[in-house]
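Note that the chains take the letters A, B and C in the order they are written out, and that residue 1 is the start of every chain.
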Amino acid sequence: MTLVRKEFLQIFRNRIMLPLLFVVPTVMLLILVNAATMEMRDRKVLICDNDLSPTSRRICGAISASTFFDAGRVAFSAHEAIASIEKGESDVALIIHKGLENDLMSQQPAAVQLIVNAVNSQQAQLSYAYMTQLINRAVGDILLENAAPAPQESIRTSVSFWYNPTLNYRFFMLPGILTILITVIGTVLSAMNVVREKETGTIEQINVTPVGKFAFIASKLLPFWLIGLVELALGLALGRLFYNVPMEGSITLIFGMSATYLTGLLGLGLFVSTFAQTMQQATFINFFFLLICILMSGIFTSTDNMPAWGKALNTINPVYYFIDIMRCIMLKGATFVDLTPQFRAICIFAAASVSLSVLNYRKRN
Amino acid sequence: MEIIIVKDLVMRFGSFTANDRLTFSVAKGEIFGFLGANGAGKTTTMKVLCGLLKPTSGSVVVAGYDVALHPEKVKRNIGYMSQKFSLNDDLTVTENILVYGTIYGLGRAEIGKRTDAMLERLELTQVRKRLVKTLSLGWKQKLAFSVATLHRPSIVFLDEPTSGVDPVTRRRFWELIYEAAENDITVFVTTHYMDEAEYCDRVSIMNRGQIIALDTPQRLKQAHGVESINELFVRMVR
Amino acid sequence: MTALKGFIIKESKHILRDWKTLVILFVIPVALVLIIGYVVSIDVKDTVIGVYDKARDSESARLTARIASSGYFKPVKVITHDAEIAPAFRSGSIRMVVVIGERFGSRMLQNEGAVVQIIADASEANTAQLLSIYCEGVIQSFAAGEDVVVKPPVEVEVRMFFNPSLNGVYMSIPGIMALVLIIITAMMTSLSITREKELGSMEILLASPLTPFQIIIGKVTPYLALATINAVTVVLLGYFVFRVPMTGSWELLFLINFVYIFLSLALGILISSLAPTQMVAMFASLFGLLLPTMLLSGFIFPLENMPWWLQALSRILPPRYYVEAVKAVMIQGSTLEVVWQRLIVMVAFGLIYMAAAVKKFKIRLD
C-alpha cells in the first residue's frame, strides 16, 4: 500500500505533469470533436455557361441555391475552367454547351460537362452525384412546366437515421477522441513511469528489496488506472455539457468496460517498459503501435471497407473493440448482453497483457 | 561464521568476462573493503551478491541462501546503497524512509521510532520534510545509508558510498559504518579512497575481473613491503 | 568547428548504437504507411447490412440481389421482424437495414409507388450518410434501369481531374508522410534533448566550449539525416506501392520535405527548451503535434468542411501547408509558382520556433 501511496505522492507533487494530464487532453477533446465532419458545404464551383438560355440560368440558380456548392466563379471557355481547377481556385467546373436548351426542347440527347478535382475521391464522387441530381431536378421542373411527360418515380425511398437522427458528427467523434485519450494515457504513462525509474536508477533500489513482483506492478498500475477513469468521467461530463452527447446505456457498464480495458492498456505499457531501456525507445514503440491501432480501429474511418487482412488484423486490435463498446453503449444503449463478444475480447486482452508484463518483468537482468 | 561465501563466480556479458572465477568469503560483523580500478568488475560482483544479476556460473551464498536459487530470500537480509543516488528525488526524506521501511515489512510505529532515532544520529532532523532533490550530496548519501540499514539487515552493500563527498562528511560516514559493524551488521564496501581502505578489517584488490590480493591491510602492507595501501594498489594494478 | 564535428559524431554514435530504436525508426514508418495506406479510406465497400423483405416476391428478391452485387453492400442478415433491428444495431453486427415494403413487386409494376425504407445506424454519422446516399442510388438505378426505360433528361459527362480512377490513397499518403516525419523529428529531438537535461549531462555540454547553437545543431543533425532517409522511403512507397503519380518535379518535392523536416526539428527543439522532463516533452508532442497533425492537416477529414475557427487553427499549424504542398506537387503537378507561399510559411514557422528555442536556451545559460 505504501508503494501505491508513493506513486500518488509523486504524481501529485509534479506541478507540471498533473495539469498537463487533465487540461491538455480535455481541451483537445473539446476542440477536435469538431474536426470530423464529412458533411460537405461550399464546394467551389465554376460555371462556364455557353448556352445563356433560361434553362441554363435555371440550372445556375439551382446550384447557387444549394448549400453544398458555392457558385459565383464564372469562366468563358473550357480552357479557362481547366486552368482554374489546376490552380486550385475551384473544385468543380460545370461547362454548359451552347444549344442545351434547344436539344432539350427538341427531345434530343442533351449533355453538360463536369470537371471535378478528384484528389479527394470521396468528395469528387459526391460532388458528381449531387450535381447530377441538381441539374436533372432543375431540368425536370422546366419540362414539367412545359407539360412534357416527366418520369414518375416507381419506388419511393425514405431514409431514417437511428440513434442520431440529426447526423450530428460530434456524437460520433466524442467517444472516439475519448477512446484515444484513455488509450494513450493508459499505455504511455505506465510505460514511461517504469522506464523513467530505470533511467534514474531508482528501480535498482527497489529491486534489491524483497518486494514482490506483483506488489510492485500493482503499485505502478493502480494510480494510472484511477487517473484514466477520472479522465473518462471528465470527458463524458464535458461531452454532455458542451455537445449534449447522449448517454443511452448505463454509465456503470461504461465504467466497468473501461476499467477492464484500462487494465489491459496498463499491462501493455508495462510490457513495453520491460524491454525498453530509455524513454525515447518506450515512446517510440508506444506511439507507432498506438498509431496503427488507432487508425485501424474505426475511430475515424469505417472498418467495413477494409481489405480482409485489415479485418483480420483488427481481431487482435484492442482499440477496435473498445471504440465499438463506447459507441454502442453511449449512442445505442447497448446492454452487457449485446456486447458479450467485445467484452470477452477486452478481457482476453487485459489478461494477456498483464500476465505478459508480469512474466517479462524481472527483478534482475 | 562466514556470511558471504563466493566460490568460482564467473559473470559474463556476451564475450566480456566481468568476473573471472572469484573465490572469497566474508565473516559476520566484518568490514570488508572491495577495491579495484574502475572497470575491474566490482559493481558487477556486488550486483551478483545482491541478487540483481544472475551469475553465469559458480556458487554464491549470502546470509545462508544461494543467490542463484533464492534471490528474494537474500534480499530480505541485505541492504544496498548504489553508486548512483537511487532514492526518489521527488519524495521527502521521511517519505522515502517510510516507503522502504514498509517494503521490508516494518510496522508504521516501528518505522517512526527508527526514523526519529536515525535522523537524530545522522543530523538530518532539520531536513526531514524537504524533498530529497533539494539536499546536498553529503546529506543524500547519509540518507541512502540510513535507508539501506533501516531494517537492520545482516549485511549492507555500499557501492562507493563516499565518492564526491567532503572529508568531514566522509569521516562522519565511516563512523556510521563502524557503528553498524558494532551492531553486528556486516559491511561490504567498495571505494576509491585508499585511506578508507585502511579502516577496513580486510580488503581485496581486484584487477581485470580477478582478485589479486586479499588480506588485512596490515598484513598486505607487510607482505609487499609498502607503507600504505595506496602504494600497494598503485603497484599491483598498474 | 572541429568541436562541433566531434559532437555530431558523438550524437550519431549514440543513435546508431541504440539498435532497437533504429529498427523502430526504419521499419515502423514503412509498416505504418503500408497498413494505413491500404486501410484508412472513407470509400464505401462491402458494408454489412440487413435486409427485411416484407414483400417476399420476385421483384424484392431481385432488388436484394442488386444491392448485394453493387459492391457497396454485403447483406449478411435476414431480418423477419421489426424487433430484430435494434438488437442487431446494438451489437454492432450490421450498419444498415433495407426494409422492402409489402407488395413491393406488384406496386412497382403497377406504378403505385413501391416503398423501400432505409434505416441506417447513425452512431457513425458520416458513414450512415454515405451509406444511405449510395443505397438510394442503387435503388433508383434499379427502378430506372431495367423496367422503366427513362433516362435523365440531361446527361452529365464527368471528368475526374488528377485522379481519374478515384483512388482514395491520394488523400492519405501525404497525410501519413506528415505524420511520420513529425513524429520522428520533433518528438525524437525533443526527447533526446530533455533526456540530457533530466540526467544532468546537459550541464556538461553547456560548460563545454560549444555554443548553445552548436549544441542544438549537434543534437539535430543526426535526426535530420534519419528523417531524410525516412522521407525518401515514404515517398518511394507512395510512388511505387500506392501508385501516387509524380506529376511535378522531384526536386521540388524534396525541397518541400526538407523544409518540413527543418520545421519539425525546430519545433522539437522548442518543445525541449520548454519542457523540464521527458514525460512532459512526450506529452506535449503527443497532444500538441500528433493529434492535430492527424486531424487538422486534411488527412482524414477534409479541412474545408470544418467550422471556421478550426480552419483558422489549422492555418497556424504547419502540417497543413506541408500536406497541401505535397499534394499539389505530386498529384496536380504544381510548380514552385504555386507552392512558394506555402514554403515561405513553413520556413517562417521554422525560423520563429528556432529563434524562440535558442533564446530560451541562452536564458538558461546566464
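In this text, contacts are C-beta pairs under 8 Å (C-beta built on N, C-alpha and C of every residue); 3 or more make two chains touch, one makes a residue touch a chain.
Quick caveat: nothing in here was measured; it's all calculated off a predicted structure.
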| item | value |
| --- | --- |
| Greatest separation from chain C - chain, by CA centre | B |
| Leading chain pair when contacts are tallied as C-beta pairs | A-C |
| Averaged-CA centre spacing for the pair chain B and chain A, given as whole angstrom | 56 |
| Computed distance of Cα centres, chain C from chain A, in Å | 11 |
| Sequence positions of chain C contacting 2 or more other chains | none |
| Chain A residues counted as touching two or more neighbouring chains | 200 |
| Multi-partner residues of chain B (at least 2 other chains) | none |
| Interfacial residue positions of chain B with respect to chain A in the complex | 47, 50-54, 71-73, 75-76, 78-80, 82, 84-91, 95, 98-100, 102-105, 131, 147, 157 |
| Chain A - residues contacting chain B, complex | 1-3, 5-6, 9-10, 13-14, 200-202, 204-211, 363-365 |
| Residues of chain A defined as touching chain C within the complex | 16-17, 20-21, 24-25, 28, 31-32, 34-43, 82, 85-88, 100, 104, 109-126, 128-129, 131-132, 135-136, 139-140, 143, 151-165, 167-169, 171-172, 180, 184, 188, 192, 196, 199-200, 275-281, 283-285, 287-288, 291-292, 295-296, 300-302, 304-307, 310, 313, 324, 327-328, 331-335, 338-339, 341-342 |
| Touch list for chain C against partner chain A, complex | 18, 20-21, 24-25, 28-29, 31-32, 35-36, 38-48, 87, 89-92, 95, 108, 111, 113-130, 132-133, 135-137, 139-140, 142-144, 147-148, 150, 152-164, 166-168, 170-171, 179, 183, 187-188, 191-192, 195, 198-199, 276-280, 282-284, 286-288, 290-292, 295-296, 300-302, 304-307, 310, 313, 327-328, 331-332, 338 |
